[in-house]
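In the two complexes that follow, chain A is the common piece, with chain B as its partner first and chain C second.
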Partner chain A sequence: MKQLFLSLTLAAATLSGGHAFAQAPDQADEIIRGHYQALLTDCAACHTKAGAKPLSGGAPLHTPFGDLIPPNITPDRETGIGKWTKEEFRSALKQGVGHDGKRLYPAMPYPAYTKMSDQDVDDLWSYIQTVEPVSNAVEANQLPFPFNIRLSMLGWNMLNFTPGEFKPDPAKSPEWNRGAYIVEGAGHCGTCHTPKNLTGADKDGVTLQGASLQGWYAPNITGNTHIGVGSWSDEEIVQYLKTGQNSHSIASGPMREAVQESTSMLSDADLKAIAVYIKSVDGGPSDKPKAVAADDPHMKAGGMIYHDTCSACHGLEGKGAKQLFPALAGSPLVQQPSAETLTHLVLYGSQGATTAAAPTTPSMPALGWRLNDQQVADVLTYIRNSWGNAAAAVAPADVKDKR
Partner chain B sequence: MTTILPRKDVVIVGLGWTGAILAQELTDEGLDVLAIERGPWRDTSTDFNIGYAQDELRYAIRRDLFLQPATEAMTMRNNLSQTALPMREYGSFLPGSGVGGAGVHWNGHTWRFFNTDFKIADNLTQRYGADRVSELQLQNWGVESAELEKHYDKFEYLAGISGKAGNINGQIQPGGNPFEDPRSREYPLPPLDMTYAPTLFAEATRSLGLHPFPTPAANVSRDYINPLGIAMGQCTMCGFCERFGCANYSKSSAQTTILPVLMKKKNFEVRTDSEVLRIELDASGKNARGVTYVNTSGEEFFQPADMVLLCAYGLHNVRLMLLSGIGQPYDPNTGEGTVGRNYCYQTNAGAQVFFDDKNFNPFVAAGALGQTLDDYNGDAFDHGGLDFVGGAGINCIPTNGRPIQTRPTPPGTPRWGKDWKQATVNAYKSTLSFSAQGSSYPTRGNYLDLDPTYKDRFGRPLLRVTFDFPDNDIRMSNWVSDRMEEIAKSFGAKQYVNTRRKKGWDSVPYQSTHNTGGAVMGEDSKTSSVNKYLQSWDVSNLFVIGASAFAHNAGKNPTGTVGALAYHTADAIRQQYLRNPGQPLVSA
Partner chain C sequence: MESHSLKRPTRRVFLSSVAMTLVAAGAGPALARSFSGLLPWQEGVANPPLQVRPGGWLFLTPEEVATMEAVVDRLVPADDLSIGGKEAGCVVYLDRQLAGTYGTSGRLYTSGPFLPGLPTQGYQAAATPSQRYRAGIAALNAFTRDAKGGKRFAELSPEDQDALLKEMEAGKVALPNKVDAKGFFNLMLSNAMEGFFADPIYGGNKDMASWKMLGFPGARYDYRDHVSKHNQPYPLPPVSIAGSTDWMAK
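For the complex of A and B:
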């Protein structure tokens, strides 16, 4: 271990060698920076199972191609990445090729991490060396034939993967560039929020415009003012990422984890940079669709269910309550093209994000036992088309699929 | 076979209001705290789901959230000459069970007691002479209002109490209770918007020269974020408070004001469905070693701890002390001993006024949405020419219009059939009710002990309650009922009914869950179980927190004072006890 520290220190010294009064920097700086990179990249989201030791291997990821189990990435020599070199680690993150030339599956978001700087990846490496080594053998590849052939990723990469570091746009502000660097790189927001093509790769031209995953719909987070975050102020976006809630929304589902494990611990400057950048991303037309008419029978039925079951918390005008009940009026989440998240919330309930700044942890109760498919569809159609909201009606068949 | 577990700094018995407050405060101090709760885990969206929370049959009639006698029953009698019998159903009072305790299903009336309550023996003796109180066993509490003010304040801000101050730093405030002792600032939230019945009551009583004011309510009148950062939502006035959990995060409870923060602390743990059998003492009998508890599989565990905090329901605190051999059991024949002493209750009376032409829409309601007057409460009025001490708060708080239990009918209505149905239709919207919540003062013969005959499922003796309304309290209640009759008459309605309190406490019909005393606080270790910080006089690392500490019961709901005493204890532990652990904070 001593040997390793020494070589790291030398490497860091080499990197900062350009400074006139360069001295071997305290290795603690690297590790602290690396810890921040681990928050940005949110390694734990996939590589730590609930209740298990950090980074010792995750819960199975269900992909359209089969299951993958996020491996143990602690420095354990037998079952973790203790035998890896720094170069192999860098290659894994930026090229999708790990120890001994083994190809990674892009569930590991190397198509995003490739944009990270070598410095940031090296810092992350330094930090991971300090994590407690845990012996936990994980067979990552649970895919069926032919997807279980790792070499097939060579073809996938040819089709879908453009390696290369982030290139700042000199025409934009440093803040915008920082935001783009985080969102497209370490933050890998598109992994959830960008629609995927048939091979599971990001579709072109629809970056961050919303996608389905694990029974939820990761909403449009572009500058679209109707269904994106274009109508939110920078401060409101920062507040959402920092605390898990703002006056428009409360993080739930997979975003609850992302807020709790990652964004709530990022610097305010980085969160502001993220806000500036995502608001600048083109999110498709912001025109509102035509709202379903208030006298539509499904709207009327939905309205009665809303008054009876939902209004006590979300309010007769859909305004909600601070840090407790999300507003429905004007909510981009409510008006996504897909009602998948809303359906999930009504059927099964959900607990909101909890952070030091907003510890309430309010929950939506499950109502699937009480409302049938038609009723869920009607009440969702109602909230998607009331108080100025406008979105496609929800069909009972969509609800049935979710049960 | 008892499994011995790794030690904890603090073990808390019961995770209701007081357990949660103490756990929150002591984990802030860095201590490793474990709460052991007899009942289940409960939380808002999972257990008080908006889709079924307002089920009157399940919760109000079948009493889903309450302690069931199969888990722990009690025996009752009116006096020493009777043989107590166990109840098959809880009736007169309904203790809670589970995380949040009775604080889950309360109405939310949140009071401060008068300073004349805390100094009751001194005050009444000096003002009216020793003869007036000779039939009573009155004792000072060892604290005063001024000392508790900041703790009341802390509880009220934690719980987002909605009310109107009557006295801020000695300045009487228009619209508040002019009889209250000085408070340091306004309530955290304004009063709830009044419904019609309390508004009419306020007008009527004001015109009689009385001083009605909005009842301080733990049903939040506005969205609120408490000092721990926990958000509550404005009360919707659904009228399902008492006997129900709140589905809307609108009623203050451990769940809605503390647990979201407490449960995330690494130095806190709760074990639910685990019943503490006894507190274990060391050989000297002066130190608690921890507690023995049993889980639902019947496995027994010994949990060692440096401190034990009894935070169960008041009556259960007393029983656990008796079962564990802590303190000298009270003997009603000699008046000696402390554990079980000064058990008190509440001396209630009611009035109903039947109108022809009013519509009160009683279903628009909240547990504490109403008006109170303290003109006849405690020692707020001169008892010089009277033959009793004490008094009652008079409350017009229409808590609900629920279809099964709220069926007022005027006298002369048949008990069933077509005429009864028609009468309930006529009276449902047009009846105004108000009540007197009377003080309950201790006597030598009202007390708690272990029943000599009846045992629980673990073979432990049940608690025996020996109680009847003291003659003083009956005289008080009758006098207050006369005043209520004057108020009822003043409405000029077609009919009114006064229900007077009579001697002979009956444990069957519901009256109040304000059972107090039995492990009372005080200045003298001969007449109290715990000192002013609720530390046991006998076992220095044991604190007994709750209404069990009340030296008598006032004409007010107890929870506000229970909350203040909990903070008072937490403050004493943090500021004093931990500097010199295991030592008495007050020398006996």
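For the complex of A and C:
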């Protein structure tokens, strides 16, 4: 019996050419943990182009400084990171300095990844070794002069980068610390949700308070009860991240991808930790601004447009319909300081996230053909200032910029 | 039991169904696409109808325009209830339709055999709507020139126009060039009604005149707030696919 077992094991080892099996059992654990790190860090969001092989290089990122193309990070020796050592990989993620001392641009969120533990980064490295090597040469640096000089990142780092692992706060719960570790580190939520300074680095003191990128406005996701997620329960935040929707909102735009590729596959415990942490983040004053008066001519026109165009789905009282149409009344997203996301949704439409738990993918039609700039502005002003909502009026010029 | 006229459409239906089956079998893999995980969807794609703008004629000649304007003004005369067919843009609607796929039967099965068919089957002949208008208007004006002292249809008095249209409707007029007067009348009547009642985006129903006359609320699609309000008029003005004047801040 014992002999039979041994020979079966040998046969299995011989037959399987896969990396995972060929390595020692503890490395298999490392690879599985590393795969989870790859979901947390969502490498694929940037490094995998739609329809392409995993991690073989991404679609261009349009930054305010120019375009950067996320490189091929498969283990291919010529065009990927096959020649890198584990130490170089760790240095790239945590110090922003890669193979041969090449400096990375902080579009690669090393200012966040620096907070990851060495263990988590090493696990991720082990996982990436198992990804199929793909030959795809990518010229990452498409920036114009002077931003194309990588050494300039030395100065950027001196100004903006504080390397160092996450330090748990002993005064807080382990759950809060786990949430903070994910959100500030591997999850790099602030890369989109934290406002940036002139050099493109996170501004101090406004962490996760909302920022504009790629034609969308990544909303405030702090404990702010008016425009953050402070009024959502932990369970509602977990549901949103797990399924892409809850009774308040449906993920769309870049967040739709983040949910589909990353948060929907995280453990419930980690999602709960994220919820606990982000609700504790200071989100600025929660005071509502004064709502635009209902008898304002633009509110009146907006109300008619809303009634004729939007109310069939979102309801005359802005309550929406669970699982299909997001509520607008009381929605933090609707009341952000910037109406950029709303403008995008109205002009171009949007499809909700699809996840195993919520596969319906309801979508909003594009209305840019039916409404002119003034009408889009008026209907947005209306939804931002009705049913108890209050936010700045939207100007036609803001809409024109987005066409 | 079997009558000749009933048998023919059956044969045609049979042939069509065989043809359909062959097409479906031959092109099956190309036609059938399966989607899983995510419904296909593209940002910014709406495919809305294009707004018809009045001005110029795309298909009708000036004489045809004059004739049809006279016809639609008799089919929908201006009165206490509404503006007339001409002012409502029925001929603009017709012109744009004839210039498009409707005029060329571009979206219909139009290969032979061409058999009379039953009245319930509608028009079964080969000519497209644009060909029928070109021939029909010419025949109508040729008829009035001979029978009404050299006048074209548009030059007749409204009473004479009505009388002639009624005779056409009843099939009592023989138009030249074998134009089927009754069939042509029905075609003009259908298109005049479409122009008068269709969404203004297609060129007719100016300012939603017919909808206002009827109290039809237009391109709305949710009446849940009014379902339980029995015997009360719907309070809101009509809205077109292209919008409403209430959408502009005053």
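Going forward, the second predicted complex is superposed on the first by the 378 of 403 C-alpha atoms of A that agree within 3 Å, B and C clash if a C-alpha of one lies under 4 Å from a C-alpha of the other, contacts with A are read in each partner's own complex, and residues count from 1 in each chain.
By our rule, a residue touches a chain if its C-beta (ideal position, glycine included) is under 8 Å from a C-beta of that chain, and two chains touch if they have at least 3 such contacts.
Every value quoted in this text rests on a predicted model; they were computed, and no experiment measured them.
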For this session: State whether chain B and chain C clash or fit side by side on chain A once the two structures are superposed.
Result: clash
For this session: Name the contact category of A:Gly349: first (chain B only), second (chain C only), both, or neither.
Result: both
Exercise. Which partner does A:His298 reach: the first (chain B), the second (chain C), both, or neither?
Worked result: second
Exercise. Regarding the shared-chain residue A:Arg370, is it in contact with chain B (first), chain C (second), both, or neither?
Worked result: both
Exercise. Which of the two partners, first being chain B and second being chain C, lies in contact with A:Leu324: first, second, both, or neither?
Worked result: first
Exercise. In the superposed arrangement, does A:Gln95 touch chain B (first), chain C (second), both or neither?
Worked result: neither
Exercise. Should A:Ser280 be classified as contacting the first partner (chain B), the second (chain C), both, or neither?
Worked result: neither
For this session: Using the touch definition from the top, say if A:Ala312 reaches chain B (first), chain C (second), both or neither.
Result: both
For this session: Using the touch definition from the top, say if A:Pro359 reaches chain B (first), chain C (second), both or neither.
Result: both
Problem set entry | Stretch of chain C, among 4-12, 130-138, 166-174 or 202-210, that runs into chain B once the two complexes are superposed | 4-12
Problem set entry | Overlap of chain C and chain B interfaces on chain A (superposed complexes) | 312, 349, 351, 354, 359, 361, 363, 365-367, 369-370
Problem set entry | chain A residues touching chain C - in the complex, by the definition given at the top | 297-298, 300-301, 304-305, 307-308, 311-312, 316, 347-351, 354, 359, 361, 363, 365-371, 374-375, 378
For this session: Mind listing the chain C positions that touch chain A in their complex?
Result: 37-39, 41, 43-46, 48, 220-222, 225, 236, 239, 241-244, 246-250
Exercise. What part of chain A is in contact with chain B in the complex they form?
Worked result: 309, 312-313, 321-325, 349, 351, 354, 356-367, 369-370
Problem set entry | Contact set on chain B toward chain A in their complex | 43-46, 49-52, 223, 225, 228-234, 236, 238, 247-249, 260-261, 264
